[in-house]
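Labels run A, B, C and D following the written order; every chain starts at residue 1.
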Amino acid sequence: MTMENKKVTDLRDIRLHGRGGQGTVSAAALLALAAFEDGFESQAFPKFGSERRGAPVEAYVRISHTVIRAHNQLYRPDAVVIQDAGLLRSEPLLEGLTPGGLIVLNAAEKPEGIDDDFRWVCLPASQIGERHIGRPLPNTVLLGALAAATEWVSLTALEQAISNHLASKGEAVVKANIEAVREGYELSKPNPP
Amino acid sequence: MDNRDPFRYNVLTSGHRACSGCGEAMAARMVTDLVGPDAIYINATGCLQVFTSHNQQSAWQAPWIHSVFANAAAVASGVEAALRIKGKETPVVVQAGDGGTFDIGLQCLSGMIERGHDVLFVCYDNEAYMNTGVQRSGSTPHAVRTSTSPPGQFSQGKQELKKDVISIIAAHNMPYAATATIAYFPDLKAKVEKAMRIKGPRFLQILSPCPLGWAHDSALSVSVSRLAVETGLFPLVELEHGELTGVMRLAEQKPVEEYLRPQGRFKHLFANKAGGVELRHLQALADARIRRYDLLNVDTQWDTETAMQSERHGRGGYTVSSAVREVK
Amino acid sequence: MKQLLEGSLAVAEAVRLCLPQVVAAYPITPQTHIIERLAQHVANGELEAEFINAESEFGAASIVLGAVAAGARSFTATASQGLLLMTEVLYNIAGLRLPVVMICANRAVGAPINIFSDHQDSMSVRDAGWVQLYVETNQEAVDTLIQAYRIAEACGLPVMVCMDGFLLTHTFEPVDLPTQAMVDGFLPPFQFSRTLDPVRPMTLGGASEADNFQEYRAAQQAAMEDAMPVIEAFDAEFNEQFGREHGGLLQPCHLDGAETVLLGMGSLMGVVRDVVDKLRDQGQAVGALRLRCFRPFPAQALARYLASAKRIIVLEKAISIGAGGIVAAELRAALHQAGITTPVESVIGGLGGRDLTPDVIEALFQKSSENEAGATFRFAPDHKSLTRQNEEAMNNG
Amino acid sequence: MANLEIEPGSSTAYHTGDWSIEQPVYLDKWPPCSQVCPASEDIQAWLALASEKRWQAAWRKLTERNPFPATMGRICYHACESACNRNHLDSAVNIHAIERYLGDMAIAQGWQHESVDAQPQTQSVAIVGAGPAGLSCAFQLARHGYSVTIFDAQDAPGGTLHSAVPNYRLPSSVLAKEIDAILDLGITLHLNTRVNEDELHDQFDLVFLAIGTQQPRQYRGDSSNHSVMSGLDFLRCLNRGEPVSLPKQVAIIGGGNTAIDVARCVRRLGASAVVVCAQDPHGSHHRDLATEMPASLTEVIEAEAEGVQLIYRAGVRHLVRSGEHLSGVEIAHVEHVHDRKGNFNPRFFDGTEEFIAAGLVIFAIGQKADWQGLEGMSQANESEGVWVGGDAVSKSKLAATAVGSGYQAAMSMMANLSGEISVYQDHKKSKVAYRQMQLHYYPRQPRCEGESLEQRLDGFNEVVTGLADDDAVSEAKRCLSCGVCFECDNCWHFCPDAAVIKKEGGYTIDYDYCKGCGICAQECPCGHIDMVGRSSESKSPQTSL
């Protein structure tokens, strides 16, 4: 896929990495839902295949001003969300990331040896998630961070998406995740110039 | 519709094209008249289906459907589910041969039982694929000649044993599973009626001689099936939730040879020494079954002698279980 | 109101709205989310139906066969190996003329085992006597499922709604779910004249002989032909009531003045549309035509749409091994019958989940030496090598 | 035609009956009991009625052929039971006990015989002899409306039954009541009357001579009458109640039932009895030589139980006297008593002699008819309007034979009088042997017996009592109904083709569908169904109603 194509449809592509059980696909769905709440067209889908707990997982989100018709895979993300920094050692997580693209990483600090072309947001999302949710779930924290860093989706929309999508899991879960997404958002707001 | 007989429905009526003396036709007539016309019948592919629905002429006088060979139990599951959701209590009965039960149909049958569908599954066991010309099935007994288990220099017929399907069925925590045969109508009637009083999956395996495949005189279908019981080769048992709850005691044990002699499918066993070994093997199998079910000593309501008894003015006909169900 | 829903969940909602009384299925990727959701609906009391966990797809198909014969609207879903395991029963359902509706979450057929999307499964049972509708989006899957019951029950034909596994089933997209009242207004309650019932006993599925079997097949063929205007009419009626239509049998895209037309089925047409838009912007006279209804095969309508094309490309995600493209072959026959001599380029791609990217589609529209060699068919180029070539070309200047 | 649904029962348009080679037919057969019954009783029929406690109907069915059930139930030697197919399953049905039960019930209830034809006939018939043959004939004729007059030389009716059957076997009151019931049909009886040929010819249209055998055959070897008497005279004396004094030991010569009766009476009078008979004992006979002892086995066994001594294959060489006083008989092994021409000509084996001490010898070696006054009629035939029957002419001297003979005569006479051919054609139906039956369909069940007296030698009381009520029913139910449908439903259940249709009281075979498999015939318990070659005429439905 070429950059020209992207301009035609004004797409924003996001790729999410994690391990089975970390809520990676859920995060993609939440992100697409939030974009949809904000009035965009959106689409989310997992890297197709069977799901195995602990195995590397990928999911994708397309956000666009216009109707998304493509149902093929996504190769040139504008942002990559990494839920487990350990995966950096074994998986080509940054492959296809557009120059100047954003990396949202679940880590206390930026690992060494990463290309300076990319923008970075690092935060200990598992710890934050554990504090709010009771389990080390980084996904909604990282979504908050992504929203803060890119402004592709609003915090309100993310909160709304969480309320809708996780409603079946109970109010407590919704509340905890909203707190988590808020903290991730707050921590990642760019410093005022 | 045919109403010639004032004393029964003839759910399976005349004009069907079964061979002369067909044990399966007889068994099916007994079962379906006991269950009655207020039921839905599902038939697996096989002789019964072919000879009763031949070319735009049907011998059935109740709702009846045939789909394919293996799926009768699954079709019945669907019919039963549909009736359940509609709040109807119409009984559902599957009829299949031994192929459609022991072999190709076993998976669907197992699923039907495991899911607890309220269906009576009746297997007319004639111990081979008769519809296609007498090929061996999982039900074919040891040493039987079929067209795919022929005797020869290195063979005395089927090498393997008859599959113990009733135990397989019973192992499903099955509410009711029983064996029966056409020779003992009162016993068969009691079992069908009992089955119809029970809710959930129920199974009847009815030994139904095939004059063509067993190569016996067509007049001997009943006699031969009786001998199968009297020799101990085909024990008549009832199992409820896996427990043995009923047995037909043998008034006396007859030697298997009495059963084997009239049947051409065992003829080769009488021809040479190797056959003689198999005769002793078959006797040993009968003895083992007698021991397993304690057929000679068990305390039962009936035995092979008393269950045979004819009575003046019959033993009751076909007044029937659908009525029993309505009461329940 | 539009919602962002996973495709499986969206069609599960559509199934629920059609109020089937019996749902039977056996799990197989990528169909599982559909039946899981339906099981949950039944468990929650949101759908008053019997949910039957079949022991196999063969059993599942047989269960819905029985349920429909007993007068209950029913549903099943499967894919791939599961569909092939159903094959015998699929023929039987069609032969018994039972209006069963199912979803095939299209997936490749092994070996080697592969869980990803292509159309080999449903194409393999194309002769079984089922109406086959291939959908492009999850919205269309929802709408088509509702139409499918109407078609099946009006025509006495079973209908298979084919939606690409993963590409649709596992993708979250905005979908407008109709209300129960709207669906009820479109889909009348199920009435089946041949219901198994002691009140009116009948024999179904009897044996047939040489002197009448052919007549059964002729009747099925006639019913299929009669179904074509019905499918179109119901899509139009659906449009009136719901404000959405999906082309009936065929859906054109920029066919006006198109010299090169690409014909395809299913979700791949989204990327094709993007590419056609782009090439049109560049001034190229390209267009596309989506075959929504593969069975019955709309030969005459296809010939009408393609009469003025100068070049026809058929891209399909299945292969008749030993022959080539299936849709292409049927299209060639249809055009030949209509006296149209335009050559049909047969391209097979997307097998086993191989991605059909815009680059690939664009490449197909370009004339290549391979096209002109007059091959019966060819495989689509691989997207990765194409991307590499493109990048190299850009880098080189 | 591509119908998606097929009409129920439409297969009946296809007639599988065309496939058959053989076809079953229902056939009422003649059970072995009736076949051997000298009176040709329809035993199966009256047992069937008895099994349903339809007692009077059973009695009426029985008396159609034999108006002496209470009598015959006691004294008949019941060949029916020896022939009973049930012997091949467990033991014969106790037919005679049920017969007696019915007869006793009829007497107790005072049941009257009914006329068959309401219309009286104009012709009149004379019968000479009021024994079982004469009374049987009179009974049939009277039932059919004929005027009947019986002449008898004795002072009471019953013939030998009255005069010579001991009371311990047949109380005289039982016989008298059965005879009264017969006479109540309007029969005129002249006792103490010897009628002559001319009277008979003048006054009656037809004559039946049933004069019996009232003259004992005499022993030829000794002209002295002292200490020698005939069995018949001995029994007559007893039945008349005349005092009889006996020596300590009595020898009885003869192998028939009279000999045994005499011996058992002798035992009851306190003397010892030795029976000398020329024949073989039962069970080791040479059938070709006709040397089986003619006495009923049951009677012999009873006699032995009562202490009667039996010597077989022996004959009297001469009486041994010391002066007028009889001291005994010398007996020897006898090879034969009659020669090939049938003349009395015993052949003894020398060296086998034996002395039997006896103070009295009673000869029970046969009886003959007394034709005095009827000599001209003794050779007459039916064309002259004269029928002869009973013991006087039949070889078998059984009372039941006499009853049967009277019945046959009556039927023949009525046919003669009405000019119609007799419709009574017994013994023409095919027989049914146990091999043609399926005995495993019948439950085994022990036979019910009447009780025997223990202190039997104390007097002439009846030795055997009748059956209890419940026993009579269960015993009647033991009947296998050989060759006669008893509606067990087997043919109906087992027909694979629904070609057997059940109707009220029986079955019909629908030959349109019968494939002729033969299962119904094979599984019919009682052998009622035969398989016959298929003929084009037998296409109409055949019924067993």
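Everything that follows uses one rule, which is that a contact is a pair of C-beta atoms (placed from the backbone, for glycine too) under 8 Å apart; a residue touches a chain by one contact, two chains touch by 3 or more.
Predicted, not measured: the structure shown is a model, and the values here were computed from it.
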Shared interface partners, meaning chains that touch chain A and chain D: C
Closest chain to global C-alpha mean, per-chain Cα centroids: B
Result of counting contacting C-beta pairs for C-D and A-C, higher pair: A-C
Length of the line joining the C-alpha centres of chain A and chain C, rounded to whole Å: 33
Geometric centre distance via CA averages, chain D-chain C, whole Å: 92
Between chain B and chain C, centroid-to-centroid distance (C-alpha), Å: 44
Chain A and chain B, separation of their C-alpha mean positions in angstrom: 64
Residues of chain D engaged with two or more neighbouring chains: 1, 6-8
For chain C, residues contacting two or more additional chains: 96, 201-204, 206, 212
Multi-partner residues of chain B (each touching 2 or more other chains): 53-54, 56, 58, 60-62
Contact graph of the chains (line, ring, star, complete, other): other
Listing of all chain pairs that touch each other, if any do: A-C, B-C, B-D, C-D
Complex contact set, residues of chain B against chain D: 1-2, 4-8, 10, 12-18, 20-23, 25-26, 29-30, 52-54, 56-62, 182, 185, 211, 217-223, 226, 305-306, 308-315, 317
Chain C partner contacts - residues on chain D that touch it in the complex: 1-2, 4-8
Interface residues, chain C side, partner chain B - complex: 21-22, 24, 48-50, 52-56, 58-72, 74, 88-89, 92, 96, 196-198, 200-209, 211-212
Chain C - residues contacting chain D, complex: 96-97, 194, 201-204, 206, 212, 215-216, 218-219
Chain A - residues contacting chain C, complex: 1-2, 5, 8-9, 28-29, 32-33, 36, 41-46, 48-50, 68-73, 75
